[in-house]
Amino acid sequence: MFKRMDEIAIEIPNVERPDPNAAAAIQELLGGKFGEMSTLNNYLYQSFNFRSKEKLKPFYDLVMSITAEELGHVELVSHGINKCLRGSTDYKEPDNTPLGSVKDVRLSYHFLAGAQGAMPFDSMGNPWTGANVFNSGNLVEDLLHNFFLECGARTHKMKVYEMTDHPAARAVVGYLLVRGGVHVVAYAKALEIATGVNVTKLVPIPSLSNKSFNEAWKYEEKGLHTKLYTYSDKDFTAISQIWKGTHPEDGQPLEVIQGVPEGYPIPEAPAVEEEFAPGISQEDFQEIARRLKMAGNIAD
Amino acid sequence: MFKRMDEIAIEIPNVERPDPNAAAAIQELLGGKFGEMSTLNNYLYQSFNFRSKEKLKPFYDLVMSITAEELGHVELVSHGINKCLRGSTDYKEPDNTPLGSVKDVRLSYHFLAGAQGAMPFDSMGNPWTGANVFNSGNLVEDLLHNFFLECGARTHKMKVYEMTDHPAARAVVGYLLVRGGVHVVAYAKALEIATGVNVTKLVPIPSLSNKSFNEAWKYEEKGLHTKLYTYSDKDFTAISQIWKGTHPEDGQPLEVIQGVPEGYPIPEAPAVEEEFAPGISQEDFQEIARRLKMAGNIAD
Amino acid sequence: MFKRMDEIAIEIPNVERPDPNAAAAIQELLGGKFGEMSTLNNYLYQSFNFRSKEKLKPFYDLVMSITAEELGHVELVSHGINKCLRGSTDYKEPDNTPLGSVKDVRLSYHFLAGAQGAMPFDSMGNPWTGANVFNSGNLVEDLLHNFFLECGARTHKMKVYEMTDHPAARAVVGYLLVRGGVHVVAYAKALEIATGVNVTKLVPIPSLSNKSFNEAWKYEEKGLHTKLYTYSDKDFTAISQIWKGTHPEDGQPLEVIQGVPEGYPIPEAPAVEEEFAPGISQEDFQEIARRLKMAGNIAD
Amino acid sequence: MFKRMDEIAIEIPNVERPDPNAAAAIQELLGGKFGEMSTLNNYLYQSFNFRSKEKLKPFYDLVMSITAEELGHVELVSHGINKCLRGSTDYKEPDNTPLGSVKDVRLSYHFLAGAQGAMPFDSMGNPWTGANVFNSGNLVEDLLHNFFLECGARTHKMKVYEMTDHPAARAVVGYLLVRGGVHVVAYAKALEIATGVNVTKLVPIPSLSNKSFNEAWKYEEKGLHTKLYTYSDKDFTAISQIWKGTHPEDGQPLEVIQGVPEGYPIPEAPAVEEEFAPGISQEDFQEIARRLKMAGNIAD
Amino acid sequence: MFKRMDEIAIEIPNVERPDPNAAAAIQELLGGKFGEMSTLNNYLYQSFNFRSKEKLKPFYDLVMSITAEELGHVELVSHGINKCLRGSTDYKEPDNTPLGSVKDVRLSYHFLAGAQGAMPFDSMGNPWTGANVFNSGNLVEDLLHNFFLECGARTHKMKVYEMTDHPAARAVVGYLLVRGGVHVVAYAKALEIATGVNVTKLVPIPSLSNKSFNEAWKYEEKGLHTKLYTYSDKDFTAISQIWKGTHPEDGQPLEVIQGVPEGYPIPEAPAVEEEFAPGISQEDFQEIARRLKMAGNIAD
Amino acid sequence: MFKRMDEIAIEIPNVERPDPNAAAAIQELLGGKFGEMSTLNNYLYQSFNFRSKEKLKPFYDLVMSITAEELGHVELVSHGINKCLRGSTDYKEPDNTPLGSVKDVRLSYHFLAGAQGAMPFDSMGNPWTGANVFNSGNLVEDLLHNFFLECGARTHKMKVYEMTDHPAARAVVGYLLVRGGVHVVAYAKALEIATGVNVTKLVPIPSLSNKSFNEAWKYEEKGLHTKLYTYSDKDFTAISQIWKGTHPEDGQPLEVIQGVPEGYPIPEAPAVEEEFAPGISQEDFQEIARRLKMAGNIAD
């Protein structure tokens, strides 16, 4: 089971400049083959199907806890997309073509299907699919997969970072480069412990360091790349048997932290009348407020 | 952000009788269009893209908190599948065809791709897809969708219940009928508050009551159908402005509970050597144990 | 625009023997790449996009009118599937597992998603897709495509005929072999007129005659293979400039008939309580009957 | 069975201004999840699989007759797309790159696969799929689905209307807003009669009236939103037991009309030589004309 | 079995002008329904499943040998795409947004998933699928399919040629028009021999000759359209029983050539540092060079 | 470019016992995510898009040459499927239901779409898709991917081997285990040379040796696991800089062989009249033979 918090991992800057095609690019990091939906669901299903978990508890705890962090990444990247979309259109009467400004943007779904919000599809609008989930059941093979998956995910992040300098995009992707980098190392270390082979020496793939990305570097400077959280009130503490020693890139000591990192308020999103979202008039609000305050059933 | 617990919603009975085709049927409730992956992701994305959430906080809190419960349902139904698969094969040398016993079962992916574990696909092996997520941004339309989605999900559960009497399947589906029924009513009430129209009178759809299913009835008898949890340590309490009054079917008073329901230990899953899962020999275990206990980096 | 009749092309026999896997096989003729959904939609879209239709009116009329016949074929094959499904389950209380009898059948969607009714998917449950529609806009190329498509569709019908001797399946497939055979010849003749090349000599492909299939032969004996209908009250009569001369296989004279062939009552389908279809109790019926008879709005 | 007419529902204006990206947007209303292909096929399959139709004749007649109207909508929206595409390219010799003007448009399929004609895919070029069809067999659930589907379809139309002011697009979408609005109300009334719950009060969703769209308002002014047609020469008259009383939005009396509305000539589409459509030279025409006039088989 | 050569069919010019949207258009000829992946795999699987091949050896040899040529076409069109992509971006530090220049191009996969290289998807980024493969096993039907497929493939090539005048695109497409034209005629002749019907008279479809395309004409002038290669050192010589007589368009005598045509060096592709491809620094190169020269295992 | 030989990698035994569900299982090794279509196309596209190939020639040569071997594996596994299908049906008149014997088998496509031949889909009939191809352009990442892909492919082979003891299946899968094992080691060694990290020590994954499978062991006994072929007449010889030293599992010395291994005759496949394959009567054969011997054009 999971608990939710009304908090998000970082503060995303508000920017006046809408950039729908940047939002489209970031969708690759959400619903693409190497997006957060993929990392989330790979670890989610691997955690369900984990065998011999008593004997292999540190590995099980690793997969269990990273799953929870990935949920927060799905959330974060979605809010990053939303910030890039913000302001793409202005209210006008329908006959004045208020969505005309986005007729030529790459991802029409953002405007025709949704109301300028993130959805589980990739940068071309192809939906995320369960075919992206891998779970052989073999510990070494699954760890090898996860290590590869995280390297691939990191590469995609590096490229999206390079494609747009929208501050909201950069803030989100910079942070995720660091946290994704943690997962690269975590699975490398797990694979190393499972096999005795020094795969952490392969890190980073590609060989360009996160420190070359300003928005990632600022987090590494604070040591965020050395911390693995249990994302649980009391469980999954055995990850400290894997997340130990030093970071393969800069030799900083690694640290496990019980619980979740400090969170930030989730951004408020303004109404977009030309998209009928939320489509509640001032009068409607008052009626709704009245009904919300009633003591029992509404429509008896 | 989310936190995870090393607990599951109910205890699923251990059964000696494997039933791979029952497991295949339950997959519809996991990765089908009306499966738990769909309810989870619909609410997840609706929560990300919610507009005017301050003004509409009770509705926002509802979608936020139910998302977290759905995560637990994805987990539960996956473990239900796993219990039905358990024992489908016995260990033999490869040349003795240990997987021969499942050559004719309906869902080959369970045995060839995975190691007899749940995956995000439906009863025919078609993967879950992000195309199943709906989010118009319009509050009334999204609530209407969610109400319909939960009715559809309930119908599928009723049919899977009727298709197999495997005790693990029945235990899981019976429980989910009740909790899914809570979500049917919750979205009906939300829609009622948003519009003033008494849609709760439509409940239940189909008109057969959960009480006609023994494994659901046993939970309703204890009042589980009247409780909505915040699935949060401290947030999402405004759901009590929606989840109030009485249950439309039996008139029992409704109750909001802060936090999560009591959990149960997640079932241990035995090694399946003929599937190479986890594929760790006794010697390997000893080596791994040694490396887990080392103080720092493994392969320096 | 189209008009509908409450009639179907032939009478399908009622049979006590359910055969869900035969129903699954027939689905290939409905939602498969060479199923009736494909022929329907190819001609539908070709008719929309037809260029120079005044100059090429006989070809335009051909595509327009055959589209309408294909709608009836989609209907017919669906009812054929339904007849094969009929009786697959018996009513029992949910706890007595009324759908247990179909747990092992090939196409679970018939029972879990629907209520034992035809759907637009193929024999493996893969949905029909618009990717099956071809329309180059080039007259000769589109006619060549249609000729090929009808040959492929005929081959699939021959194989389904050979796979099941269920009388409902045989009745439907036998009839469709003949009507599909008419379309093979019609497109061959159209191609011949467009190019001067004697492609009708290729017919039939495969070379086995429809007359080798008893349920098709009985229609050809009556000359059904020589008649092309306009499927319109007054339009599309120019098809007589294409459908003329003699049948390439048996030399019978061809005939165009204005309008539609004689129809038959559409089969009634009984309630299936264990599938909640239609899920209307005797009491509900009475309430509904009362509301249907009211003069104005129901819920004022 | 169905009959076809060589007529279309409205006259679409001819416009000199091509707009391929507007055409792409309209594709969402054709082959999208909430496009006309979806409404058509949902009702088509529900009509095939309808159970207890004698007892529930008015509901059956409703689904049967609306199906036929939807066929005309698929036709209309396709012609709307074609009008927006018209003039996108000009003839030049191949070496002079006649399709160069559309190299950067969003939907390459219109130009590379087809010859500038509508196809069953959505605004991103993803093909329509049979997975969009829902049919539980349960009357109330299917009606609820249809009501929701029509609300979703209406929302998409509103957004496409807002995205382009191309006169052909506006004409088609304005008309469809009104007719789709009729179906919203029709299914709401059917649901109300089936359950006694006043769901028509939910209309319209989103709450913005069709009257706020000039091209829809002009039809509502003439009362088009109050008329439901049987789309049949003589069948489906029992819809008058559902389509009765007054319109929930403006209180106008509702009316059932036997047959189809008056139609208009289907637009002629000019040859597009640079797409090889229809690819018939003047000489070819003469040869074809000669062969069309021959008395019997062409290539004996 | 197959052998590979380090050679490609033609020299593709190097061009300074990048054109990512032209590259996207050419993808239709690679991974589209009528792309080279489709022709390749249709013949590959038909060759595996060929029945009675001793009796039908010339037909078998035809399918076997054309398969091998198609492999070279997949290669050629991929390199054509790569040449159009070349130079789309310039190296800058990540924070300087080196991929910003391609944020708005149509096919984001070229830049986010890959490193500016061809992939098996079509012009909209939809992946090639095995559903594009047809193999009925019936000789005449398969030949008819192949003839139609090659005509459709030719039409797509003609349109891509017309869409971009990028010299690399034109060079590749011009050559493929000629070679694809050879396959059109080859299957027409095979069909003619199998049935006695003069289908070669249908050629060319569309009726515009390859000679109207400068980059194709230059090859036809040299007679390339009259030559069919065995693409084998010693097998498949029986194709000369099919590829004989004269070309249906210009009456030139046809010729079978044992072996493969003369090849050209495969273009070198420069590193693209901003895509981390190949991501090997000068130091890395030296280390790698050292390890490549070591006598035995590297990491003992 | 590629050349083809009329030879196959091994002799597959003829077996009287048909096993359609074993054939379905083997399809996973052909068109599944980890099937031969995936290995083939991954290396094919990586070879097209390889950057800095002069500097990295041994790696380029490795990918180039393995691609060619994979083509032979696609061929081999297809013939293995065909052998398992052989004899599934017997000839009868269509009215005697000759395909009735396979109505209940898992993969209907083998019988309805094809004529009992292999197709590019997986064990559930889902088509292979280009989405299975990975090519980041980064050398280390692509090698890591390939190493993982081969491990995954090997695991699937191990499971299919365990699922059926059909001699044709065992012969093919046993051989492919060995050759796939060679590719596992080849990519491990390449990765080792590229990075200096001893990843070959991870081999084998899963840890069960090929020597535990009789049909693989018999090939390893002969040293087949130590040989890497260039699959070229004269190119790709630089693979000897990677394929050197000893095998990580048994320490045997590794060897590069110029060219291809010795081949075997491709199995003849008998006509299946009830599938209309090839559908050529004795009379047809004589006519065809006559036309094949004619000197020039057939249908002048």
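In this document, chain identifiers A, B, C, D, E and F correspond to the written order of the chains, with residue numbering beginning at 1 in each.
One rule holds for everything that comes next: a contact is a pair of C-beta atoms (placed from the backbone, for glycine too) under 8 Å apart; a residue touches a chain by one contact, two chains touch by 3 or more.
The model shown is predicted, which means the values in this text are computed figures rather than measured ones.
**Student:** Please identify each chain that touches chain B as well as chain D.
**Tutor:** A, C
**Student:** By mean C-alpha coordinates, which chain is most distant from chain A?
**Tutor:** Centroid comparison gives C as the farthest chain from chain A.
**Student:** Return the chain whose centre of C-alpha atoms lies at maximal distance from the corresponding centre of chain F.
**Tutor:** Measuring from the centre of chain F, the most distant chain centre belongs to D.
**Student:** What is the distance in Å between the mean C-alpha positions of chain A and chain B?
**Tutor:** Computed from C-alpha means, the inter-chain centre distance equals 22 Å.
**Student:** CA centre of chain B versus CA centre of chain C: separation in Å?
**Tutor:** So the centre of chain B lies 39 Å away from the centre of chain C.
**Student:** Would you give the residues of chain B that are in contact with at least 2 other chains, written as numbers and ranges?
**Tutor:** Within chain B, the residues that touch at least two other chains are 33, 106, 113, 124, 126, 131, 136, 138, 140-141, 155, 196-199, 201, 206-207, 275-276, 279, 284.
**Student:** Following the definition at the start, I'd like every touching pair of chains, please.
**Tutor:** Pairwise, the chains that meet the contact rule are A-B, A-D, A-E, A-F, B-C, B-D, B-F, C-D, C-E, C-F, D-E, E-F.
**Student:** Inside the complex, what are the residues of chain D that reach chain B?
**Tutor:** Result: residues 33, 131, 134, 136, 138, 140-141, 144-145, 147-148, 151-152, 155, 195-199, 201-202, 205-207 of chain D touch chain B.
**Student:** Sort out for me which residues of chain E touch chain F in the complex.
**Tutor:** By the definition above, chain E touches chain F via 1-9, 31, 37, 41, 44-45, 48-56, 58, 64-65, 67-68, 71-72, 74-75, 78-79, 82, 113-121, 127-131, 133, 135-141, 189, 192-194, 196-201, 231-233, 235-236, 241-242, 244-246, 248, 259-260, 263, 268-272, 275-280, 284-285, 287-288, 291-300.
**Student:** Could you please specify the touching residues of chain F with respect to chain C in the complex?
**Tutor:** 93-95, 97-100, 102-104, 106-109, 111-113, 124-126, 274-276, 279, 281, 284
**Student:** Could you list, by residue number, the parts of chain D that touch chain A in their complex?
**Tutor:** Residues of chain D touching chain A: 21-22, 24-25, 28, 32-34, 106, 123-124, 126, 155-156, 158-165, 206-208, 212-214.
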